Structures are given as structure tokens and as C-alpha cells.
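Got a structure for you, written out below as C-alpha cells; questions coming shortly.
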Amino acid sequence: MTNLKRMLLAAALGLPFAGQAMAQTKIEGLHVWTSASEVGALKVITDKLKTMGFEWQDSAVGGANGANAQQALRTRVAAGNPPAVMQFLGFEGLGWAKEGVLRSLNDLYAKNSWKAALPPVMLQFLEQDDSFFSTPINMHRQNWVWANKAVFDKAGIAIPTSWDELIASAEKLKAIGVTPIAMSDESWQIEELFESMLIDVNGPDFYKKAAIDLDETALSSPEMIKTFELLGKVRGLHDAGFTGRDWAAATNLVANGQAGMQIMGDWAKGEFLAKGMKPGVDFLCFPTPTATPNYKFVFDTFGGFKIDNGDIAKGQDAVAEAIMDPEVQKKFNLIKGSIPARLDVPMDDFDDCAKRSFSDRVAAIKDNAIYGSLTDGFAVEPRFSGVFQDVVGKFFVTDMSAEDAVKSLVDGINNAR
Amino acid sequence: MATNAASLATSSTPLATNARSFRRQHRIGRAVIYGSLFFMAAFYLMPLWVMITTSVKHLDEIYAGSFIGLPQQISFDAWRTAWSEACNGTACKGLKPYFINSLLLTIPAVIMSTGIGAINGYVITKWRFPGSNVIFGLLLFGCFLPFQAVILPMAQTLGILGLAGSLPGLVLVHTVYGIAFTTLFFRNYFVSIPDELVRAAKIDGAGFIRIFVSIMLPAALPIIVVSCIWQFTQIWNDYLFGASFTAGENAPITVALNNIVNVSMGRKEYNVDMAAAMIAALPTLFVYVVAGRYFVRGLTAGAVKG
Amino acid sequence: MSRPTPLSNRIEHWLPRLVLAPSLLVVLVAVYLFICWTGWISLSSSMIVPKYDFVGLNQYVRLWSTPRWHTAVFNLFVFSTLFLALTTGLGLLMAILLDQKIRVEGTLRAIFLYPMALSFIVTGTAWKWILNPALGVQKVINELGWTSFVFDWIAQPTFAIYCVVIAAVWQSTGFAMAIFLAGLRGIDNSVIKAAQIEGASLPRIYRTIVVPMLRPAFLSVIVLLSYIAIKSFDLILALTNTGPGSATEMPSTFMYSATFRRDQMGVGAASAMMMLMTVAAIIVPYLYSELKESRDGH
Amino acid sequence: MSTLEIDRARKLYGELEVLKEVSISIGTGDFLVLLGPSGCGKSTLLNMIAGLEEISGGEIRIAGKVVNDLSPKDRDIAMVFQSYALYPTMTVRQNIEFGMKIRGVPQAERDKAVKTAADLLQMTHLLNRKPSQLSGGQRQRVAMGRAIVRQPKLFLFDEPLSNLDAKLRVDMRTEIKRLHARLGTTIVYVTHDQIEAMTLATRVAVMKDGVVQHLDDPQSVYDRPANVYVAKFVGSPSMNIIPAKLEVKEGRAVAVIDIPGAAPTELAGIPVSSQAAAKYAGRRVLVGIRPELFSLAGAQSAQKLSVNIDVVEPTGPDTLALFQAGGVEVTARVPPRAVAARTPATLAVDTAKIVLFDAETEQRID
């Protein structure tokens, strides 16, 4: 009631809330996590933070694939009122770091030798101009197939070893009256499928050239056309209700046995686990089929804005330390479905899918076959990945030819350069 | 009052046979009118039906594919969850605090924008001066501003004013962008009030403010209702400004609702979403259903010469 | 006049201007200055944050070379035209039907009016289900026995925009109806009686006499609906999220994603300027005629 | 001292001059009617007197005091409007006492004033009603009551009867006249109805295009209009304006009028000075003859016109006979059944009341 009174008074006087300035031990974090499992995982970090003497002040802005949060962040920076800590994915953090508004965590990195504890491929997203600006909590693998084991058994399908095999198995699934692939017409969900094909069919090196270096010859190559043609074969393997479907609803189709499989990152795992299904027993998780093993990643980091307040700086350090705490990483990822960002966290308590992800990551690092996900902003800057999404999304729902798709992709990328 | 056209037609027909056929036509006509109205009403109620039934269904039932049908079991758990337990980020206090935020921001913003609109409309119609029409034109153009275009400069301005991220800041933004419409409402209404009223009051010795308070405002009650309803709906339902200019615990209900509904990665609780959506819509629904009568009446008063 | 005027008179003289001044000032800043700011950004190379350099019309060239922007412009045109026509027509029809001494008028009016009270953040999901062929209308009708019935516009890139129109019309018709109903109630009964004595049929009376008398109501309806059409942002996001395959992109959603999602603030600003120019091209002549009229009146 | 002096008052709207140096002066107890068609500037002038419009040039004095820069409330005036301008949300009582309330008049005094006014206008029973519950005539009374309680030096009426039906208008007209007689106040009254002007005014100012054409007592305006415009505007049917040639015979002015199918007719005995007669001798002039100056010619009639009657319009008390003379249609007011259509008649003219006008300037020739 006193709070309400104060707000009323402040409203009447046209003053900013007194509470705003008083948050001396409060650390405000802006993020996009709103689902139960996400929030549950986040609580691992905030609980740890509490033991370190700081209170997490939550600012969640969900929706629009993170655009709402990005908009909130931009307006707050414009207003000179940035959050103490911000969740970044992929290039988002780099952009702000280039503007010089993020606080350097170099001292902490040096003191705790965090650099050595992390996969080298992550560092490019954590560091700008020799300054570490954020700390990673997890790693999701993007290129997974999720399948209902009972359905696969009934249709007599083994785990496919190539995309052609995977697509061919669709006929068997159709024969037993099951939707072969659970998906949505949302562009990003289609793109998850596309980028898996892109790397699986053409190999990691080609993926790097086309999706990361944006090499024009690679982009306009026959390999690209081939990939689009492959994607075109998936048209019609979904059900009529795929329009506007959330990815989690698609996952549920697989879990319920209404659909055979889904191609999605390992955040989908939580849906099966929530139903009490067990990996390998009730559902299958396997990487998208390929001759050249690869690993595509997505991870969440938190960075702090430069704010002229010593207490907040201490709090930002505390957040970084909490995130990099191995125990926190373990507990967090057990809930979130991903694997720890740190390479040195014991994986014993994790499920088989996570264990597979962890071991595949180690192998991929060795083989130089680990790359960032295009869809989720770890391959190229948003203005380019957006073009991929536009073209792939449009290609899939219309009768656009693979050649036209490649042409508009090249034009679009050049236009955005 | 509406004419009962059909009954007039019967009573003014002299011949009995004609009267009978007219009566039959009349009955058919009435049936067609009622039929189309009820059909449209059903169409209009459809989304509400979906929302209400979903909000009382069990989540498994929804995931099993029942989106539109009747619920097998009715449970109000989702409503309780939405009101007091649903999580907006790590804060799992339900919609309640944000509901209060929205009230705290909507009420002053509605009062201020309506008040300013009223006095602007009064000046523009009753105290014209050279250029007052141009000013009205300038104000009116603000109605059609795409708000996405002004978010960043507005954020910077609020930062300079020290109102960034606060409810008073949001109240200010809504008031500023509400002025265009409220001014238009009051201007169009006051135009229909004869200028002689103001002249009479001037001769009676009333000044600028006295005329406004004693004569114009009491006469403007219908349009005040219209303006308040319009502004209330617009501000309560706003998402863009709310998400841009508030943060965390200061967020209005639409932002909290969006966070509950728009899960980026994670299982959607459709029943809670729908219950939350209904809760977020209750005040505006209440305003329309309760004040709807006055709303139409207010519009009428604006259209008819006083 | 050089005669000294009493102070109170001078106050009375300046008071109206003083009262209007804050609104004017605020609008000059919050509308016109901000438009100028956006214009400036549209000529700069701004990406993630505003930059104040100058790159000429580069961002406009880039904007117009983006196929998605063409879709957005085309959609705005289709959407606005259909939305205005259908909402006005349906609103008028409802108002006329409700004006026939309907017994449950109050209830029906509330039913038609309630969507106006809801935000699309709220109703988007419900509409998504209703329009989804596997969940909504199509499924229900198929289950009722008409198995060949197909209503899957929302999944068809060429038809999805009409789904947006349907939902938008649903939301705004009640408002148009309320204004028309108000207009109808304001019409002198004797006009209708006179026409009936002349032997005109009811539809004819409405078509030739009553509807033309509703001109002021039409004007208010069109202004308010244009406002809603231009602002149709959360509607798109909630219903189709610009899909399938960017088929329901609109200028407002394009601007939003360019600025806040794709770090192309310059392109976003350019698209905002294009929107503003379009709005100005339509609204300024209207404002001009409206203000000219009121000047003639006195 | 005059109660109202308008001294070369001007009104400009930008470049447009709607009032051109108007000067009018009336004394206490006078009833001035500003008469003219719409757009002649009469309402603007009234609003300038009231202080509702700024005065662009010249001076307006009320009771000797320059009021140019005084706000309406300080001018000691009251005004009755065409639409009555009753405050719609207030009762009749509140309407009447609103001005007193603003001036801070104590309640008891207000009650007394309201009672007096209500008694005077016989509307005591209406005091608690809202304007929307009143008939047109009742609203008119309330508007007058509101003016009366102010006890101003000057009453202003802006076409107060034009929204009433014909019967009520005549009644209210009489009532206003009676009120004027009883209260003895000074009134400025705007109307476009010349009968109201004739019946009510002690002074009439006929206006056109922002200029006072004629300012005099009603009878003088009627009898000796200052120009053709005034002549035609005042009186119904209006004054006949017949083109003629002026000749001087034996030192007296004679107007020669062409009558179709007859010899040119000479009218002698026109009241015009000998200088004017000499000046206009042999030139074309306009002869102004009120319809009632005609009569059936008798044996002794000096000035006669032999004409062919085209149309006869009986009005009851008398008949209007229309015929051609001097190339225009002329109306004569004759006793009922005195003449018949399409028959010749001989009419006498009371030439002593004829008015002559300059053919070019259309001003009266004295």
C-alpha cells in the first residue's frame, strides 16, 4: 500500500519513482525468458546471486523472436537508462560492444582463467577489441531430429543416415497415418530445417563460406540450389494445421505420436521430459543426418552496460561469476535442456541427449566442424540472417523454384551489405 | 427514435388484401432482419467463445487438439494462475501487479488527455484567432503518426526529462499522443454548440475559464464519455509504448500479458494464456458494456444539433 | 489602436493562445521534431544505434530493392482498401438493421462493440485457431459432414492478408456501427415518413435518402478507421507474425523488424518516412478541405 | 448626453472592409433598429457595440464613455440573441441569475431580481425548467429576462424574433414594445424585417454593404427615403421607382412619365427645391411613389394617370393593382373592387408625397 501511495504521489507530481534510484543492491536484468523452464533455469543464477549479496530485479520482455526485448533495450539505451545486465544472443552483444557501451570483464576472465574453460569457437561472441564483455551460461545444439520412438518402430524406420533417407521414410510414416514432419510455417522454424540441410549436405566448409563468410560464389553455387531443392521435397510432409504453430506445439505432435519427427534445437527436449518420456525409450534424439559430422550451436550470454555506479559494477561482476560457476552451469542446464558452456562441467547427471551433445561438441571442436546457427543469430549479422529467413520462408510456402530462391537470396544479401 | 417502418406501411395501406400481404412481407422482413443480426452476433462472439472455453479447459485437452469445442471438464485454475501466480520472467506474481500499474497509468493519462483535448477544442472553436485553424491542422496530423517511428527520439526525450522507465513517463507519452484525438473529438462537438452561447456568457461577465467550466464542460458530457472510452481503450490496450518506456515491475498489463503469452522457447500454457487475456481485457470490456449505451448516446449528441 | 488597454483585457486576449501553446509545443516536438529526426536518420548509415552522418538516399534505394518492402506496400494498399470498405459497409448494415426497433438491441450492440475493447495481443491467438484449417472453422464444418469444405486462407501466401482483413473488420465494425447508429438516430423521422407516403420501399429509402444524410458519420468513420488501418501492427504480429513467408508484411511491421531486429535503423527510418509521406498525401488534402470548410462557415 | 455614440466605426477582416465609417448617435430611451439584409454589417455593428467584435477604427461610446477596449461585461449592456443562447445545462433560474452570480450579487438580491423579471415576463412557473423543456416563445422570454435583470444602460437585440412563427412573432413584438415603454431603456435592435423596424423603432438605420444608408425616425425613412435602396427596402409592397423626365414648367418641377398606349403623362406638384429642379431640368430622374399615394381619380383630382390594369391582387382591406408605367411595373393600392384586371383605369396621385431620385447616384433629390 505504501508503494502504491508513493507511485500515486510520484505520478501526481510527475516525478520519476523514487524506487528507481534506490536499487543499490538490486541488479536489473533484461532478458527474453518467459517460459516455465526458462524461468526455472534463470532462478538458478538469481539464487546464486542472492547468496553473493545481490538481488536480481527481473525485466522480461518476451515475444517477436527477441525483437521486443531488442526494442526495449534500444529505447532504454537511448534514454540513458540501460539495464545493468542484458541477455545477448550471437551478434546482438557484438553490436553493442562495438558501440563501446558494455563493461569489460577482462579482469574476471584473467583472474578465473575462463577463456581456457570455454570452447574457443564461443570466444568470438564474447570478445570485442580484446575486451570480454559477456559470459556464456549454456550451449544449445541446433541440428537435432526429435522422433517418437513408438511411431518409428511401428513404421519400421531406422535412424536415417542421410537426408534422402529421412525424406524417404516419410512415406512409411504417411502409410501408418502419421504426419511425417511436425513443423510450422513460421520462417524461422523452416530455416532451422534449411540450415541443417545446408551443412549436412554440403559439409562444414561450405556452410562457413555460404552462411558465415557470405561468399557470393558459394551463395550462388549449384550446392545452394541443391539445398533448396532438398528443402522443396519437405513441402507437403507436414500437416494442414502447421500455419502459425508454435514450435512447442509441433514438438507435442511428436510426443503424442501424431507426427513422426521434428527438426529443432535441443530446447525441444523439455517438452518430452515434461511428459515423463525418456530419451532412447520413448523418444529419439539424433543429429540431423550427414556424412560429415558437425555441430551447430546457440548459446545465451549476459553482459553488463557501463553504468556510473560502483555498486552496480560489483553486481555485474557477481552476475558474471555466478554464471561461470560450474555448479550453476550444471543446475541451469539440467533445467534448460542445453549443455554447460564450460567444457569442464561433469556430465554425469545429464540425460543421454545432453551427453551426446557434449561429446559431439568435443569431437566437432577437434574437427573444426562447429559453427554458429544461422537462424538463431550466430552465423551472420541480423541484417543478413534476416534475408536467409525471408527467402527460405517464402520458398517453402510458395511454389518458388530453387533457382529463383538462390537468386533472391544473393540479391537480398548484396542489398543488405 | 427509430421508425417502425414496417408497421407504418401496414397502417397506411387502405386495402385489406394489401394489408395482409404487407403483414406477411413484414413478418418475413423481420425474420430476415433478426436472422442476419443473430448470425452476425454469433460470428462476433466466436473469438470470445474460444477464449472463454480454452481458459477453463485442462491443458492436456488443448494439446490433444481441442481448440474450439466444449471443455470436457471445467476448471478455473488457469484463471487463478493467471491472476496471481503466472510468471513474468522470474517474478511469479501473476497479472495482479501489472493490472494495478495499468490502472495507475491509464486513469491519469485518460483524464489529462481528455482535459487537454476539451480545452483545446474549446479554444479552437470558440476563441478562434489568426492561425488557430493551422494549429488544429498541425495537432490533427499527429493522429496518423506511425508510433514506431517516434520510439527512439521519445526515449531520448524521456531520458532527458528523467522519466525513463517510469509510469509517469508513460503517462506523459500517452497524454501527448492522445491530444490529437481528444482535440478532434471536442472540436467537432463544440462546433455544434452555438457561438452565441459564448457571447451571451461574455456579456454576462464570464471570462475564458468561467465559460469553459460553467457552460461548455457541463454541455460536453456526452463527448467527454466518448473521449474517455476511446482513450481508455487505446491506452489500456497499448503494447508498443508500454514495452518501450517501462521496465520490469513498472510494466503495464499488456507487456506482462505478452510475456506470458509469447513464450519464445518453452511449453505454452494456452489455458493460462487465455485466462490472462480475459483478465487483461476485463476493464475495457467493462467500460464498453457498462458505458456502451452512453457511448452511442454521446456519439448521437455529437451528430444531432443541440 | 494605441490606446492603453486594461490588463484584464489583454489577459483575456492572450489566454486562448496561452492555453493552446503547450499542446502546440508538445506536438511540435513529439510529432514534427521527431519526424525530422527520423528523416535525418533515414539519410544516415545508422544500424544498431543512431549515427548522424550522411549517405544520401542510399537507405531509400536499399529499401526499394527489398522485395519484402514491396509486399508490405502492396499489402497496405489491399488491406486498407478492403478494411475500409468492408468495415464501413458492414457497420452501416448493422446500424440500419439495429435501427429497426430490435428487441434485444442493447445486447446485440454490446456484442458488436466488444471487440473494440480488446487488444489483438488478447484476441490474436483465438483468431489464429479459428482460421487454422486443422483447428478452426474448416475442421468444425468438416466434422459436421461437409468434408470437402476448405478454408485455409491463412496458410496461403496469396490469401493470408484477407485473414488479416477478416480479423480487423471483426474488431472495428462495432465502432463504425456505433457512429452510424448515432447518425441514424439523429435523422428526422419525418423524412422517412414522407418517403414512405411517396411509396418508396424501405431499402430504397435508406439507399437514396437516409445514407446520403449520414455524410458526417461517414467522415468520422473513415478518419478513425484510417487511423486503425495505419496502426495495424499488433494485429499482424499476433495473427500471422507477417507469415506465411512474409506474405502479410506491412510497412509498420517492416519498419519494426528493420529497426529493432535486423539492425538496419537507416532502412527502418526510410520506411517510416515513406509511411509518413503516404499518410500525408492522404490526410493533408482531407485536413485542408476540412479546415477550409470551417473557415467558410464563419 | 447620448446613450450610444458610434463615431466613424470601422470593421476590417483582413483587407475586407465590412463596416465603413459608421456614425450613429442615439439618446436615452431611444429604440434604434439596425435594418438591412443579411451581410449588410448590422450584426457586426451590434457585436462591436457589445464588445464581441473588435473595433478596427473609430470609436464607440456608451453613456459618454469610450468602450472600444472594454470587455463586454464592463460595457453595462445586455443582449438577447437570435438563438436565445440559453445555457443548456442550467435551469431557467440559473440562466437568469448567471450574470449576477458572476458579479457577486448576494443570493437574496438575485432572488428578488429573478422574481421581478419573472413576474414581468409571466414566467414564474418556468423557473425550474431546463431550456430544452421550453417552447420557442418561452425561451425568448427567458432570454429577455436574463437581459432585464442586468438593468443595463443599453439593451442589444440580435434578430430576437426570427426563430419564432408568424403569430408568436407579432405577439412578442408587441411585448418588446411594451417592455420598452415600461422600462424606458435604450435599445439597439437588429433585424432584417422592415415591419419590425417600423413598429418598434424610434430611430431606424437602414444599412447596406457596411454603410448606413439612412438614419432617421421610421416615418421619415418611410416617407422620404434617402435613396432608391432604402425606398425599396422599407415598405411592403415597396415603393414604385418609375423612370421619368424632369421638366420645369412655370418654375415648378414636372415629371413626365411614359404610359404605354397613352400620351406621356405629366405629374406636377412634386416637392423639390427650385435649385434642384433647375439642376435636373430636362434630365432623366427616378420618381418614387408609394403604392398608397394612388387613388381612384375623382373629378377634382389634379394629377391623374390613365393606365391599363394588368393584374389585381385583393389583400382584404384593399386591392393592389398592377400596371405598366415608365417601362416598369407599378403597384397601386386602391379600395377593394375599385378596378378590374385588363381594363383601363384613371388613377390620381398624391404628388406632394412623391420623392425624386437621381437616375445615376440613386440618391434623393430634395
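Should a chain be cited, it is by its letter among A, B, C and D, assigned in written order, with residues numbered from 1 in that chain.
Note that a residue touches a chain if its C-beta (ideal position, glycine included) is under 8 Å from a C-beta of that chain, and two chains touch if they have at least 3 such contacts.
As the structure is a computational prediction, the values presented were derived from the model and not from experiment.
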Interchain contact steps from subunit A to subunit C (minimum; 1 if touching): 1
Greatest separation from subunit C - chain, by CA centre: D
Most extensive contact between chains (C-beta pair count): B-C
Length of the line joining the C-alpha centres of subunit C and subunit D, rounded to whole Å: 55
Where subunit A and subunit D are represented by their mean Cα positions, the distance between them in whole Å: 90
Interchain centroid distance [CA atoms averaged], subunit A/subunit B, Å: 38
Per-residue overlap in subunit B, given as positions that touch at least 2 other chains: 65, 152-154, 258, 261
Residues of subunit D whose C-beta touches two or more other chains: 71
Multi-partner residues of subunit A (each touching 2 or more other chains): 63-66, 68, 71, 74, 78
Interfacial residue positions of subunit C with respect to subunit B in the complex: 12, 15-17, 19-20, 23-24, 26-35, 37-38, 50, 93-94, 97-102, 106, 108-119, 121-123, 125-127, 129-130, 132, 135-136, 139-140, 170, 174, 178-179, 181-186, 189, 192-193, 196-197, 202, 205, 216-217, 220, 223, 226-227, 230-231, 233-234, 251-252, 255-256, 259, 269, 272-273, 275-276, 279-280, 283-284, 287-288, 291, 294-295, 298
Residues of subunit C touching subunit A in the complex: 47-50, 62, 65-68, 128, 132-135, 152, 154-155, 157, 237, 239-241, 243-247, 256-257, 259-264
Subunit A-touching residues of subunit B, taken from the complex the two chains share: 63-65, 87-92, 100, 104-105, 108, 151-156, 158-159, 162-169, 171-172, 243-245, 247-251, 255, 258-269
Parts of subunit B lying in touch with subunit D, wherever the complex brings them together: 194, 196-197, 199-206, 210, 214-215, 218-219, 306
Residue ranges of subunit B in contact with subunit C within the complex: 1-6, 8-9, 12, 29-30, 33-34, 36-37, 40-41, 43-48, 50-51, 54, 65, 67-68, 116, 119-120, 123-124, 127-129, 132-150, 152-154, 157, 176-177, 179-181, 183-184, 188, 191, 207-209, 233, 236-240, 254, 257-258, 261, 270, 273-274, 277-278, 280-281, 284-285, 287-289, 292-293, 295-297, 299-300, 302-304
